Amino acid sequence: MSVPSEPGPVRRRRRRGAPADGDERVHYSRWFWPSFTIPATIWLAILFILPLYTVISIAFGTVDPIFRGPLPVYEPWWWSGEQFGKVLNDSFGFYRIVYVHTFEYVVVASAICLVLAYAVAYYVARYGGKRKTLLLLLLVAPFFISYLMRMLAWINLLDTEGYVNKILTFLHITPHPVDWLGGRPSTVIMGLVYGYIPYMILPLYAFLDRIDVNLLEAGRDLGAGPARTFLRVTLPLSRPGILAALVIVSLPMFGDYYTQNLLSGSPKTTMLGNLIDEAVGSTGQGPKAAVFVIILMVLVLIPMLYYMRSTSRSLAVR
Amino acid sequence: MRHARDLSRREFLVRAGGTAAAVPTLSAILEACSKPGTAASGSETVQIARPDNPVTLPMNGEPIATDTPIEQGATLQILNWSVYMWKYVINQFVQQYGDNGIKFSGITTFNNMDEGVQKLQSGKIKADVFFPTIDVLGKLVAADLLQPLNHDLIPALQQDNWAVFQNPYYDQGWRYSVPYTIYTTGVGYRRDVIPDDVIHGMDNPWSILWDPAHKGKVGVYPSYRDVMAIALMKNGITDLNTSNDADLEKVRTDLLAMIDAVSPRIAYDASYNKLQRGVFDVTTAWSGDVVAGWGYDPPYTEASYKGYGYWFPADRKGPIDNDLIAIPKNAEHPRLAHEFINYWISFRHAMDNFSWNGYQPPQTQADVNELTKTQGLYSKQSSSWAAPTPYVGPWMPDAVVRETDFPIGYREGPLPADVDDHWHEIWSEFTAGVGS
Amino acid sequence: MSEGMLTRSRQQALPQQRGGFVRRWARNPWRKPTILATITWGYLTWSLLPLVIAIAVSFNASRSSSIVHPFSFQWWWSDPSDSLLHDPELHSAVVQSLKLSLVTMAIAVPLGVAFALGIDRWRGRLATGANFVVLLSFVMPEIILGLSLFFVFSFLLKFVALGSTAQILGLVTFQLSYPVIIVRARLLTISKEYEEAAMDLGATPKQSIRAVLLPMLYPAIIASAAIVFADTIDDFVTVRYLSGPVSSEPLSVKIYNAARAQPTPAVNAAATFMLASTIVVGFIAYLLYRAFTKGQRMGGVGDFATQL
């Protein structure tokens, strides 16, 4: 702690928001705190906002006639909506099924994630006891080895000659090996759950861990059984945590392409992310990729806004 | 005259944002103040090469002088497809030039040609050698991204390579390119599921990819040109660059029918890995992929190698092509690049690489009838873990490419923009997974 | 609520109460949570099994990565050309992964912490907007950011070379939200009065932040650094779109490319090596966390994980 350099008045407590009057010393110059935000703000303006604008400029731009690579048009008055209209039109045509699949997979995977993650987080938070440290370490462990590496292991496990099929046929659960990787929605959903659930368990755990045990005991003392206590006390209390966890997990899933690439590869399970990844690698399809990026952005923006509002409100409340 | 044309084209490309020059942000925006794209309307388009319409590419500058010294202490930069060159052969080259302090740090790879062109075009990757396909060669020259070759530094082409490639249709007088691999596009199949005589006895073996008996076990490449070419072949249409709406409608119908009939899956490694491991029964296949498959086929026994085969029309009338090697304009070590190309297409080294990647080189000294009997270097080296195998398994003679195949086979060339869009549209519909 | 009601309902909850076994079991608040325990351990098995297999395969004696064969160090160092020790491409991939993670961490964490501080103490309209963007980047599908950065570096900001520079710029943008969110959550629990007390004692604003506020934030800062490090090592969407020459391809991209062919167990060895290095970083972070939280809280792993 530094030595006081000047003798100052002893009592300094200012009400939040009250203007500093002559009697009170001004703690911070007007620009003190804002200056902290400047580097990150500039960073985001150049590397987040500008890139998004470039995507729009490409979606409404054209292609160069030789290599047919995308040519962004930066001025809105020269934008052409031709490509956008075409993709939008096809979105109600043959692409519709891709949107439907994407929604189905994300909704089902998020729901499974939530049930599973909640159960696990609840158990660790409430009943972890002495094993809590071990349990948490195990929960964090998947973060520490490459997601793709674990996916590779799954590919080998689910192979027609892999261990999963060996066990299933050995136990006579299925007469023949199941072709898990043959373009099954269930496998893609399993992959999505597997890839994203750690991101849900930890925030949920943190949230549930903070719930005051006294509230639960009060519930019990009032005669509620464990189920009622859970439904009437724990669940309502954890609503904000559930919402946040759902958004954190389901929105990124909308842009996932590698899970279906690795675990299925069938056109029947194509997701929105696959359309983007494929378009960006094909001659003359750059603007199409940009249009899909914009569509994806708009699709996730609505739940995002809801999430923002709920977090800003909960921050304000706390 | 040539200078003036080049200048306008280059100027256009700067505008287009497609050249190597690093344009500062502000000037890029200012330049864009005239509507982009409009400047192009006047400029001539790239000539489209076809076997019956050979193209002589314009000379962009002169080749390097024959007496240029080999660059010292250079790190060889290769821009290539993944899984395409055997590192052992590259390392041999590096050792051979060890006195010059040559190093090699790995291959910058791309998964499809567009990605490769993009990387080259960005100017940020200074490759010494690049491996383009025929359909982008003309464009690369038009955009001034390649340098002409010095023939004196590449004697191996005349000494060791087939006559067909001394004056190819896509690059008359081989000004910019030498041939690398040659391959046909056919059908890969599990011989334990589909006996050889069954597929060879079919009226239209291409249609086996649509046979519901193999539902869930059909693999196709993520390559719109090749898969659609097979759909064209199935319909007996031999113009693999067709712009005919009726032809393309047939392709569209067939591709959508394929989804309903067999639930195909899209995979890069369809015919060098998944076919071998029994994931697929039938695949679209480049001959080289199936040939290389033994290296991905545990338990690496002869019995397992014999589990898969390759079919191509007996009259050899099917899709056939070759890939190329070229030197980018901005290569930092052009002399070394010439040495490398000469090394790579010379008999011994070309064959060693072939033993690993399965893609045959057009070598005059290699008797095509012996390929199914002779063991390659990679197989010899792998004796500790794999059963020996010749260059090409004798049970898949269809995979051997002959010089006589080239005049009668069908070739995929570049497509005009609007036609290409149409092809892409159909392919999109296929990948979106909507059945017919 | 009357006394009587309370006693009555209390009695209901007591185990002596009549009823079927199942009913009693379901209503007993002190029973063992068998179902939850089963789910949890089942989940852990499911989530960790592939991890164990991925590690086991790296010790395979054969070339296959699909079956676990007897133990060998062939793919770690014995194989003269394809083992982790001898394959220069795997080397450079591992180095690139670590480099990207460390540099990203070094840039994103200070940026994010400063931003969180500023945004917490200053509520301007610009601040709200910037905060919105940070949260947006937190939940946005990565492909959107990866592609838009690829486009911006290809067209507008061409002086940024695809490769390490572009990758780091992209990763920092993507990871910035972690320190911001974690540090802000911590700031909400710290009363302003600490700094004010420091200033009352004569410290300048800067001194008060350095001497009072930052030490209280260390746990959150360390936790966010650890998570940025771990998440960056795993990243491949952004990194793949922004990769340039071969030397700029980190392990994750190598694995993705290999996954579509047939990888050798050397890739598993590399990933296992990364696992070990992440654990080392995590352990250091944990020790730091414990050192800095002395006297503040229990400092258990549990708290640390909660910070994550």
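By letter and in written order, the chains are A, B and C; residue numbering begins at 1 in each of them.
Here is the rule we use: contacts are C-beta pairs under 8 Å (C-beta built on N, C-alpha and C of every residue); 3 or more make two chains touch, one makes a residue touch a chain.
Bear in mind that the values here come from a model prediction, so they are computed numbers and not experimental data.
Among the remaining chains, the Cα-based centre furthest from that of subunit C is the centre of B.
Top-ranked chain pair, ordered by C-beta pairs in contact, is A-C. Centre-to-centre, using mean CA coordinates, subunit A is 13 Å away from subunit C. The distance from the centre of subunit B to the centre of subunit C, each centre being the mean of the chain's C-alpha atoms, comes to 41 Å.
Annotation for subunit A: residues touching 2 or more other chains are 72, 159, 161.
Shared interface positions of subunit B, defined as residues touching 2 or more other chains, are 17, 111, 118, 267, 277. Across the assembly, subunit C contributes residues 66-67, 155-157, 260 that each touch 2 or more other chains. Those residues of subunit A that touch subunit B in the complex are listed here as 61-69, 71-75, 78, 90, 94-95, 97-98, 101, 159-161, 179, 181-183, 264-270, 274-275, 278, 281-285. Residues 6, 8-10, 12-13, 26-29, 31, 33, 36-37, 39-40, 43-44, 46-51, 53-55, 57, 65-67, 111-112, 114-115, 117-119, 121-122, 124, 126-127, 130, 132-145, 147-152, 155-157, 169-170, 172-173, 176, 180, 184, 188, 193, 196, 198-203, 205, 207, 211, 227, 230-231, 233-234, 236-237, 241, 251-252, 255-256, 259-260, 263, 267-268, 271-272, 274-275, 278-279, 282, 300-302, 305-306, 308 of subunit C touch subunit A in their complex.
Of all the residues in subunit A, the ones that touch subunit C in their complex are 1-14, 27-28, 32-41, 43-44, 46-52, 54-55, 58, 70, 72, 116, 119-120, 122-124, 126-128, 132-133, 135-157, 159, 161-162, 194, 197-198, 202, 205-206, 209, 220-223, 225-227, 229, 247-248, 251-258, 261-262, 273, 276-277, 280, 289-290, 293, 296-297, 300, 304, 307-308, 311, 315, 318.
Residues of subunit B touching subunit C in their complex: 17, 22-25, 28, 77, 82-83, 87-88, 105-109, 111, 118-119, 122, 124-125, 267-269, 272-273, 277, 296, 298, 300, 385. Subunit B meets subunit A in the complex at residues 13, 16-18, 29, 32-33, 35-37, 40, 43, 45-46, 111-115, 117-118, 121, 136, 139, 142-143, 216-217, 222, 224, 259, 263-267, 277-279, 417, 420-421, 424, 428-434.
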